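What follows is a pair of complexes built around chain A, which joins chain B in one and chain C in the other.
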Partner chain A sequence: MAMTFEQSENKQFDIRGQICPSSLLVALREVNKRQQEIKAGHQHLTLLTDNRDSTTTIPEALINMGYNVSVVKEGSYYVITVEGQPA
Partner chain B sequence: MRYFKMNQEDRQAMMTEIEQLRHQNTVLKTKHHQSLLYIRDKVNQLLGVVGTIPLKPEELDDNTLLELDPIGIVSDAFAQIIDHLRVTNLRLRETHDELQAIFDSASVGIVLIDPNFRILTYNSQAAKQIFRGIDSVGKSCDEGLCHQFCLTDHCLVSQVKASGRRCTSNSIVLKNHQYDVVATPILDNNGDVSRIVTVFTDITERIRSEAALRESEKRLRNLFENTTNLILIVSTNGQIQYVNQTCCNTLRYEQEELYALAIQDIIAPQEKYTIRRQLRMILKSKGQEHHVSTVLQINDGSLVEVEGSIGCQMVDGKPVAFRAILRNVTIQHRMELEMSRTQKLESVGILAGGIAHDFNNLLAAILSNITLARFDLPAENKVNKRLLEGEKAVVRAQHLTQQLLTFSKGGMPVVQDVSIVRLLHDSVRFSLSGSNVESIFSIPGNLWQVKADPGQIDQVIQNLVINSDQAMPDGGKIQISCQNVTISEADRVPLAAGIYVCITIADQGQGISPDMQQKIFDPYFTTKKHGIGLGLFTSYAIVQKHQGHITVQSEMGVGTTFQVYLPAVCQQVDTGKPPEETPVSGSGKILVMDDEEMIRETTAELLNFLGYQVDTAIDGEEAVSLYRQAMDSGDPYQVVIMDLTVPGGMGGVDTMAALQKLDPEVNGISTSGYSDDPVMANYTDYGFKAVLPKPCKINVMAQTIQSLLTR
Partner chain C sequence: MLSVFIIASACLILGLFSGFLMHRSDFCLVATFRDLFLFRSWFLIRVLVLLIVTSMVLFEVAHLLGLLPFYPFPLLGSLSAATFIGGFIFGVSMVLAGGCVVGTLYKMGAGSILSMVAFIGLIFGSGLYAEIHPFWSTFIKKTTFFPGIITLPNLLQIAPGWLILPIVGLSLWLFRRWQRQNLWQRTAYANNYLQPWKAALGLAIINLFSYIIAGMPLGITTTYAKLAAYVEHFFWSQHLGSLSYFQAVPLNATLPWLGLHLQGGAAPRIDSIAYIQGPVIIGIILGSSLSAILNGEFRIYWRAPRRQYASALIGGIIMALASRMTPGCNVWHLMGGLPIFGLQSIAFLAALLPGAWLGSRLLTTIVMDS
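And now, the complex of A and B:
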């Protein structure tokens, strides 16, 4: 039974202060570690970043990898949410 | 520092060893550095592929770089990208197959064209319908598709190329088929038109159907507008939604004026309740057609009688609109009324005809005997006066019989060209004797004569004037006027085209209500306490038989006007001499033929009294024989009076024919108790020179014979 977004576990990573490409590498590393859980819908990731470039590079790479990604600005930083695509 | 003691040689060897190690270390460091550079380079290369900037050494030192393992991270990411691409490709393939199936099963023709006017591909429908099986992929669209179409300003591909937007046309004709075409651009990353999807919908059948529908609608509209029926569509709240031209013409409204009205606005007040109830019944019966007979009120306030059907159109069990198809039956109803009157007249006539002959013979005998008795007495004798009254009563009885006979089928008036001026004056004076009503005449000097039976017309005038008199119990005025009128085919009166004299009698009485006006000409219809209801009925019958017409117009409290039209002869009036009151004596031989002994004898006595020598015959054979003998003996009859009807013997008509063979100049007079006999009306057609009704006053008989003898 597929879990809803609200039901899935949220893993949050604060990568504020990091800039590309290291922020991208961290994001990729954390996604890679949990790819099964995220794709199964058991987990989703939220990345907090204050680097504007990262709001382009991270979503672009993750979308190519088959994830759903959204970016929301929260005051002085951005919240990038990563979840699996429904089959 | 402590130094090991070693010999020179060992030291030298160790130094060499150290030097080698240093060298190796340098080489290893160089290699390590080169490896790290390689790793950084590859990482940067991979990051470039992922779409980001290269790593900066100050951002990530070598140790952290190795610890982070970016190649591992990126290659993991790549593995996922490749997996995602595989899934995406799979989905793309599926989507492509789906689109291809849709493309090929579309009922419209779809052709993909590049900006250089090349046909890239097309679906099955286009292959079948537009390209007709000819492989056209790769051909230019002007060659394979529209055949020089692109040279014109209407080329959709050119339009799409120029505008970058979707373009449409519904007037493209290819191989006798008309298409509705939509051309949509597919844009590349630069926003330039890379391909154009053209969708061809064959609208040939639709255009044909639309034209057929328009034609059918035109035909139906034509039918609707040209029918003589009134067609209305009314909304369920009573608003008029559609009316045809006949409806407008009949109701004397413009179409727009009617659309502003409700059905109740055109229903006569007395019918509104009934119609409301009928409409409710139609709704109850789920719109079923109901027969309706009602009265509509037209723009000028007058009324039109209509009959037909009303139903209600229902959709999903709910009423949408009432539809009414009605026909104007006003004239038909009037004619039915007229016909019913005629039938009533005929039935009375049959009854009257049955007894008239015998009754007239009896009256003739009574009248002759009274007349003869009077001549035996001095004029001042009391008995003579009583006999005179008796004689008058017989004449009145004769008039009554006459009146009844006018209803019979034959009962033709014995018409002659007469002036009605004196007749009018006499009738009116007679009818108003002792009345407080004043008569005012207005008669032009050039009034034509009429073809009329004076006795019958006298009855008509008397009946009308007596009614007028009685309508004004407190006195008043009756206007009697005459005028010459010419009726043409276009006039809406039930009269043949020709010339007529119209006699108008107008009173100032209480008037006749519209309901009553329809009935006043019916037999036995009367509003008078002691009336028998034959006066206007008789008048109507008489005027009809004169080929004339009688009308009534009345307004309550204002008065009533009757108009009598009688066929005219274009000859001005004469003074109309009244018949002599004293019988004219004469001399000569007269032959009287009648099967009734009583009549033969009294007639002979009357004629003897007048100075004539009389012989009698009981039938035609005897009359002819006597006539021949008299001729042969050189002492012929001057006049022969013949009864028209001789049961079992030769009657007047055959006798007259036989006599004419003997003597073409014979003075024959026909006489009959059947004054409705057509021979009496058209006696000259049978060779008679005159007619004498039975009974007949002696002075009329004397004058008639005298007029023949003095010709």
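And now, the complex of A and C:
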């Protein structure tokens, strides 16, 4: 049975204040490390970033790789969520 | 005194607009080259081409209308081997610092502590350059290729228009093609995001105003050296007096529209360099802060890995050295010198590319390695 978003394990990375382009590099590294788990819906990633550019570059790169990406502004930073696309 | 006030106020306003535009669009000249090598992304390269070609046209029209006080502008020198070496080192270090000499300011204005560390590195590195200046200035003199010749049209003995027309023709064809392929726009999620192509057009106009009003496009690196001189004057004034770099007065020209004599260098005093470049620096920081505060995004984050702090500091120090060795930074050469075909600027770009490639490799293999 497919897991819901709430049931999937959240892996969170706080990249606020880090050197450019940490957010995109971390996102790519972690997504590649957990491809199976994310695509199967067992895990999803959340990245906290204050880098405006990465709110564009991360969705661009990961949507092209077949993931679902959402960006939400939380106060002074952004929360980027990466999950697998439902089959 | 009034003319100094006019110039300083104009530069402050231009700096404020620049900082605001840079923060809203996050148009970073380091990302332009770094992302090309790291992620094969051509998006910002297209924006940079737009910025350069637009500046080329604006500068030439202003030149033909007699609006430019100097052509070429002061402080843009002849080509030497030093430019290639400086440009290469600049390319490596700007990636390690996480921003160029201007990018560091707008990122710092938005609350980045790493950029503040890079800024301190820039001041320290500028002071360090003074120690090697006698040797380096001799090297520049010995390796100058075309003494007294500043631009490519000057070297070829043709009017700039002969180079500008085919470039503009080709660019217009490319720009239309990119527009049809929808390559100018990015899907953006950041609050009040400004598409970088709009920021590029804005920066080209700001740079034109800088050229017309202050006699030269935006440039700030000599002021980093001036700040280093003030620090050194405070702690080690005797040594400062012995350094020839701080005695030099590279800016020496009269601004016709105000009848104002521009004179200055890196010495710790309020001269023309201070009141032209200083307000631009302050303006960029404040403009970016204003944008971040209005967006609810101003926040100081300091929790970054130690390796990144080291990269920002070392990158800043080396970038300052490179900007003095070239001389000039990427904003000065790409947005100012390249549009008038400055030989130094063409060489700077040619050397910056392999430098940025190496910097990107170092960033991913050493700095970001976990």
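By definition in this document, the second predicted complex is superposed on the first by the 85 of 87 C-alpha atoms of A that agree within 3 Å, B and C clash if a C-alpha of one lies under 4 Å from a C-alpha of the other, contacts with A are read in each partner's own complex, and residues count from 1 in each chain.
Throughout what follows, a contact is a pair of C-beta atoms (placed from the backbone, for glycine too) under 8 Å apart; a residue touches a chain by one contact, two chains touch by 3 or more.
None of these values were measured; they are calculated from a predicted model.
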Applying the touch criterion given at the start, work out whether A:Thr57 contacts chain B, chain C, both or neither, answering first, second, both or neither.
-> both
Touch check for A:Gly41: first (chain B), second (chain C), both, or neither?
-> neither
For A:Gly84, decide between first (touching chain B), second (touching chain C), both and neither.
-> neither
Chain A: partner with more touched residues, chain B or chain C | C
May I ask you to decide whether A:Met65 touches chain B, chain C, both, or neither, giving the answer as first, second, both or neither?
-> first
Touching A:Leu25 in the superposition: chain B (first), chain C (second), both, neither?
-> both
So which bits of chain A does chain B touch that chain C touches too?
-> 19-22, 24-25, 53, 56-57, 60-61
So, in the complex, the side of chain A touching chain C is made of residues 14, 16-22, 24-25, 50-53, 55-57, 59-61, 71, 73, 75-78
In their shared complex, chain B is touched by residues of chain A numbered 19-22, 24-25, 28-29, 31-32, 35, 53, 56-57, 60-61, 64-66
Per the touch rule above, chain C residues touching chain A in the complex are 23, 26, 28, 30-31, 34-35, 38-39, 41, 98-99, 111-114, 186-191, 193, 296-305, 308, 311-312, 363-364, 367-368
In the complex with chain A, residue positions of chain B that touch it = 47, 50-55, 59-60, 68, 70, 73-74, 76-77, 80-81, 83-84, 87-88
